[in-house]
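Lettered A, B, C, D and E in written order, each chain numbered from 1.
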Amino acid sequence: MGRAAYRKRKYHKPGTAPGTYDIAETREAGHGSIEVIDYSADGFERRAGLEGLESAQSLPNRWVQIAGPPSLDVLEAARQRFGINPLALEDVVNQGQRPKFNDYDPGIFLTLSLPLRNSENAFQQLSLYVLDGLLITFLEQEDGLFSPLEERLRRTGGRLRQREIYFLMHAVMDLAIDMLFPLIDETAVRLEELETAIMSHPKEALLLETHAFRSRLLVMRKVAWATREVVNELRRHLEELSAGDLRPYLEDAYDHIVSAIDMVETQRDIATNLIEVYLSVMSNRMNDVIKLLTLVTTLFIPATFVVGVYGMNFDRTAGPLSMPELGWPLGYVGVMAGIFASMVAMFAYFRHRRWL
Amino acid sequence: MGRAAYRKRKYHKPGTAPGTYDIAETREAGHGSIEVIDYSADGFERRAGLEGLESAQSLPNRWVQIAGPPSLDVLEAARQRFGINPLALEDVVNQGQRPKFNDYDPGIFLTLSLPLRNSENAFQQLSLYVLDGLLITFLEQEDGLFSPLEERLRRTGGRLRQREIYFLMHAVMDLAIDMLFPLIDETAVRLEELETAIMSHPKEALLLETHAFRSRLLVMRKVAWATREVVNELRRHLEELSAGDLRPYLEDAYDHIVSAIDMVETQRDIATNLIEVYLSVMSNRMNDVIKLLTLVTTLFIPATFVVGVYGMNFDRTAGPLSMPELGWPLGYVGVMAGIFASMVAMFAYFRHRRWL
Amino acid sequence: MGRAAYRKRKYHKPGTAPGTYDIAETREAGHGSIEVIDYSADGFERRAGLEGLESAQSLPNRWVQIAGPPSLDVLEAARQRFGINPLALEDVVNQGQRPKFNDYDPGIFLTLSLPLRNSENAFQQLSLYVLDGLLITFLEQEDGLFSPLEERLRRTGGRLRQREIYFLMHAVMDLAIDMLFPLIDETAVRLEELETAIMSHPKEALLLETHAFRSRLLVMRKVAWATREVVNELRRHLEELSAGDLRPYLEDAYDHIVSAIDMVETQRDIATNLIEVYLSVMSNRMNDVIKLLTLVTTLFIPATFVVGVYGMNFDRTAGPLSMPELGWPLGYVGVMAGIFASMVAMFAYFRHRRWL
Amino acid sequence: MGRAAYRKRKYHKPGTAPGTYDIAETREAGHGSIEVIDYSADGFERRAGLEGLESAQSLPNRWVQIAGPPSLDVLEAARQRFGINPLALEDVVNQGQRPKFNDYDPGIFLTLSLPLRNSENAFQQLSLYVLDGLLITFLEQEDGLFSPLEERLRRTGGRLRQREIYFLMHAVMDLAIDMLFPLIDETAVRLEELETAIMSHPKEALLLETHAFRSRLLVMRKVAWATREVVNELRRHLEELSAGDLRPYLEDAYDHIVSAIDMVETQRDIATNLIEVYLSVMSNRMNDVIKLLTLVTTLFIPATFVVGVYGMNFDRTAGPLSMPELGWPLGYVGVMAGIFASMVAMFAYFRHRRWL
Amino acid sequence: MGRAAYRKRKYHKPGTAPGTYDIAETREAGHGSIEVIDYSADGFERRAGLEGLESAQSLPNRWVQIAGPPSLDVLEAARQRFGINPLALEDVVNQGQRPKFNDYDPGIFLTLSLPLRNSENAFQQLSLYVLDGLLITFLEQEDGLFSPLEERLRRTGGRLRQREIYFLMHAVMDLAIDMLFPLIDETAVRLEELETAIMSHPKEALLLETHAFRSRLLVMRKVAWATREVVNELRRHLEELSAGDLRPYLEDAYDHIVSAIDMVETQRDIATNLIEVYLSVMSNRMNDVIKLLTLVTTLFIPATFVVGVYGMNFDRTAGPLSMPELGWPLGYVGVMAGIFASMVAMFAYFRHRRWL
């Protein structure tokens, strides 16, 4: 998502029936990949493509991974075979949703936001549809994100494989939450660099970058808060279900997301503080500059006036009051000494008032 | 509504009985249009005008559309024939209400705010009165807003036509919510342009426009929050009713309005950030200007003083201490060299303190 | 109340027994007027003065209006005849209370704040004591405020007259709430004028007025929030009573006060925004002034230095390096051309850096 | 407390057992006074000192007043004779606690903060321990604060004397709350003076005083909020007890403390506003100064350059282009007229741009 | 933790199974110390090292202290012997967790943050695992922190030794909370010094230090709030347990942490206020400087222009209008008097407008 995506969220035309997922309007539709994994404590089967999707479920648990924009066929198959609510499919097609939880009895539908790898501040949407024995994940981009999970499923005797599908759902969600931490960490490192740089050489570019960081953290904060709400709703929902021993895992996920929120907010405070520090430092520097200006002006402008006086061309022969000083043997020395003395006095006054 | 409308909301004279709808005071009264649609899964009938309003209801569901300021006859007919509470009619006449939910058992009354098409920041009021089998909509302006809904109703076999009247109410409300998104999108595009413009050429006009945007977003935010409250109340209310399968649709509407709030608040943060960036950039630029001022002053004012000294007209014949330098063969060159050297030193000092 | 009154709220000496209403200390005591109205669907009787207060109640509902500071006799009569709690009477005597709700079983006691007519930002206190069949109103000032209500009561067949006393209480409260709207409207109009004025001719007086407005809105906001709380408490309380059909009227009053809060807060945001805009505009104007200062200084100070150089009186006969330029035929023209060229270059540089 | 006290709150060494009240460390221990009052509707007895504390309770209600730092004997006596929880005694010894409510079944323990008389911003701690028939008050300083209450108790037939001990507790608490109002009032008066002074003659000292006031209000606000919480807890707690007719008195105390909070927050807003106004006024004044600087510079620096030109000493005999103007009969008048004209033009331009 | 630690919190790789505690990745693993204390009212035994951990529990209560980074053996032993949830162990290994409460039925797991002694703003993590009769504490660093508690346990007849293990848990937690107070106190003392210093000699270094303090207080506030939440959860949890007489102790701990929060927030407000005061003082000082600049410029620049005029070299013989003033006997005196008079007038004007 990122700031751009938050703005450019797709929306259907006002007046359209809710639950409309008009693939035709979606430019990149139909290029998604499909992967179907059936598993139980004893078995593991993996199929690909639309045929996989339509194949009979051979083992108690099935995980359908749909990555990239799905074709209309796939969506229709999902709707008819697994009874997914069209409102959920509408959210899958209109990417850029904020993290949310929907309970389409009997299934539940989660939307999450994942930081995109290799991209500075963009998020992709991950949607999960869960029923007893079935998990469907819709991922915006194909990028092998789930390979560590597949690996854990493939291992005979792995804890994940012996449990109900809700544990797999938790694993996927946990992955989404954990992906926030490298992003936060990277931001933290850069913020620290910015702080060092601003302290030594404040420059406008650093200020603008800090501002940009604060905007990034704003988006991360929104994602994290919405995710926290999702985990919360899930906790409440699963208490009604039988999946009781999932509870500590959800608590753990909740702790993680709260921790992420905490870090993001701390960083926002640091960034705000940094901006204030920058402005203070710049203002102090400006004050120094203006003091110099004032010092120079105050020392030399009156002196320039005085020497200007004795540069006047009044006719000394016109009368005894017409610039007689010009003829005094010590006139020049006197004037220069007077100027010098007043400069020293001025300087002392400045020191006294702590302006230097 | 818009900022203007928020201020200019009509109100009755203090001391008047509540539920008074004094049409006489309403300038534009009596120019509204009336359209009555009776429908069921099998039938669709459409009548216009006051006669339509008074005709017997031929099919299970009736939708009465009143657009523009209604005449007293229409209001009286609505009150007597459908038993609308006078407090509700008072709100219809006194336009500019904030979105709200009222439960006048047995009917419910919703007030919503719709962005006006072709107008920058104005909203119009949409009021809905719902009873079993009856929906009355009061729209501030006649502008064919509901034609996509009529189209969907006209289609035989359309989902909307087969359901209870509450689904039509949801469709109207959904339309009102969805109309916020193009407005938000437009704001987002303009904000992005402003950001680019401010970064390259900061100008006062851009700042003022950003301030104006922030005010607009303030109004949008208020409308969105109040609408969210309405949807919430509706959710709570409908749980008591039999319209149980409406729930996911209301959840969907709720998600949309929360999403709108989210975007509006993000944009407000961006606008605030932009204002801060503008002020920082301007302040930096001003600092540069003041540094230049100080540099020029510091380099040339002392120098001007020195040349002023040798422009004095002291009589060199008055004595040996009366400006003897003027007669030295290298006096001129020495003075100029001294000035030049001190300028270079000053310049170096500036560089050293990073003022350039 | 107003800002002043908020400060000057009377309080009893610490250590005094609660429920003490020491009239002796109240300067203006004893000048209030008393009016007693007994009414039912069929009858209407009106008496004045202390005798009216002590007369037997002839009809099911009695409304006692006490306006202006009451005398000790009146308070004692109220306490003994109607059993008002001394704590309530203490609040009546110590004017300047914030709006609040007290449940002195069996009676309830409301304190409200009414904008004073013909006064810019002052509020007066209105207290209501309600029992079955009895309403006592204490108004700080006598100003015929209730005449529209009396008019409605006097009318045979009027809705208000046929209902229980709680409807009269609602009518009084509704009057208090509705009196906020003209005040809000007036503020809105003045704020708009201020905005226009600040945009064209920013002046310190306008800024100070906007600040003053924000303070006013602060007080209005406090009154409105406290009133909202009162209405809320009343809603909760009356659900326990039998006065069930009062509910939509209270909802309506609640909607009104929420609407007032909404407008006041919008105006506060507008005022804050206006102050920020003023400061930005002033700052921009100052920047322009400083740029001009810098331009003039940068163009002319170096030039003045140069001409100062050639105003020095070094003796050209002292040697070949002693100001030989002064004797060159094109010396003058060359210097002037050099100065002019460097001024043009400086100017071009300014344009280039967008400082003009 | 005050700002200082908030910081200097005593705390025991980490790792010490909770409930330790190590008198030895308390410098001023053992100088407190003890006063014991036994009372009922019919009797009133007063004893002093440790013997009074240990005497048998002769009447149904006993009020033990301990003022000033208590000695270890007193604390031990209190613990053994009345069963006070050591945790409560620890709070008595470690002065500077924030207002709080503790329920040490069967007794309850309240800590309150009282403004110190004759001191600008300091608070003293008042602790109350209440059991059926027993009230112990610990006051930080001996200053006859409770004499009005004793007076009320001494009066035969006084309401306070005929009621349970909880009414005395309420009276003490009410006293503590009511003592906030003179403090608030005093602040309000000084704030108003500050406002007037800042409007006419803004000075740095006034700004610093306003800042100091805001800090004071911060402390008062914290005390008031914590006290409100105490009253709230007490309300909740006493509903479980039999002291039912105390309820309206607690409601009254609650209203008072809410009112105090309201005033303090209004004053904080006023102080903040005042600081902003001061800064705006100073900034406007500075702008005027800078405009004057720019005006003078702009008018005279170019003119000085021009007269500098004609002060150059180019040899008029060197050629026809070497300062021929100096020999023109109207040269001097022309130059002066040109300078004057350009000054007028400059001035007109300034007026036009509203810089004057 | 401190600001640094908040950022550098360790996290496992996204996609890893939750509950993974990969010691291999932890650099400093395996250097921790182990100490096991078995105690009851009558006995006290102390063992060290892994053998101690694996020894049979001889007395009803056991306290296992693990300090420094634990080795994999220790963790495995803890998991197998005491059944600690792997999720808890993961939090022990990944240091830098925020304070939190986890209920791993039957045990509970607390994470707290302790200020590091001899370090300015760093915190270490303290984790507690509690079961009936068992307390395991994991401390990040070995530093004899718990010696006062051991001392209290060792004392025969000590209260702590006679109670259940939950009282020991409380004692450890109380220690963690109490360690905040010296830190807060130290900050308070330094803040007061900063205030004094800023009031007399505002310097950039002081401003930056105040900013740094505000950041520190930010971290302390986060720790304190999270700790408060932990105590709260614990209160709620222990009400379900039988440890009923622990309640007042937990209330006491709760009061302490709320008190800490209160102080930290007060200090943050003071720090913010201090920054504002600094900026105001600096701005006032700058205004004084600029006023001086303007005064000097305004007094001397016009005067310099005038003397420049009479320094012009127009040929007095060219005509009667060519600088005749130069030949007037009182010309020089007149010019000087005029300049002096205008300077005095200017100065008076400045005084009048209160610019000096």
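Throughout what follows, a contact is a pair of C-beta atoms (placed from the backbone, for glycine too) under 8 Å apart; a residue touches a chain by one contact, two chains touch by 3 or more.
Note that the coordinates shown come from a computational prediction; the quantities given were computed from them, not determined experimentally.
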Distance in touch steps, counted as few as possible, from chain C out to chain E: 2
Chains touching both chain A and chain E, listed by label: none
Chain B and chain E, separation of their C-alpha mean positions in angstrom: 40
Distance between chain centroids, defined by C-alpha means - chain C, chain D (Å): 25
Set of chain B residues in contact with two or more other chains: 290, 293, 297, 301, 304, 308, 311-313, 323
Touching residues on chain B, where the partner in the complex is chain A: 147-149, 152, 159-160, 170-171, 174-175, 178-179, 181-182, 185, 188-189, 192, 199, 248-249, 251-253, 255, 258-259, 262-263, 266-267, 269-270, 273, 276-277, 280-281, 283-284, 287, 290-291, 293-294, 297-298, 301-302, 304-305, 308-309, 311-315, 318-323, 353-355
Touch list for chain A against partner chain B, complex: 3, 6-9, 11-19, 85, 87, 97-98, 100, 102-104, 201, 204, 207-208, 211, 214-215, 218-219, 222, 226, 275, 279, 282, 285-286, 288-290, 292-293, 296-297, 299-301, 303-304, 307-308, 310-313, 316, 323, 325-333, 335-336
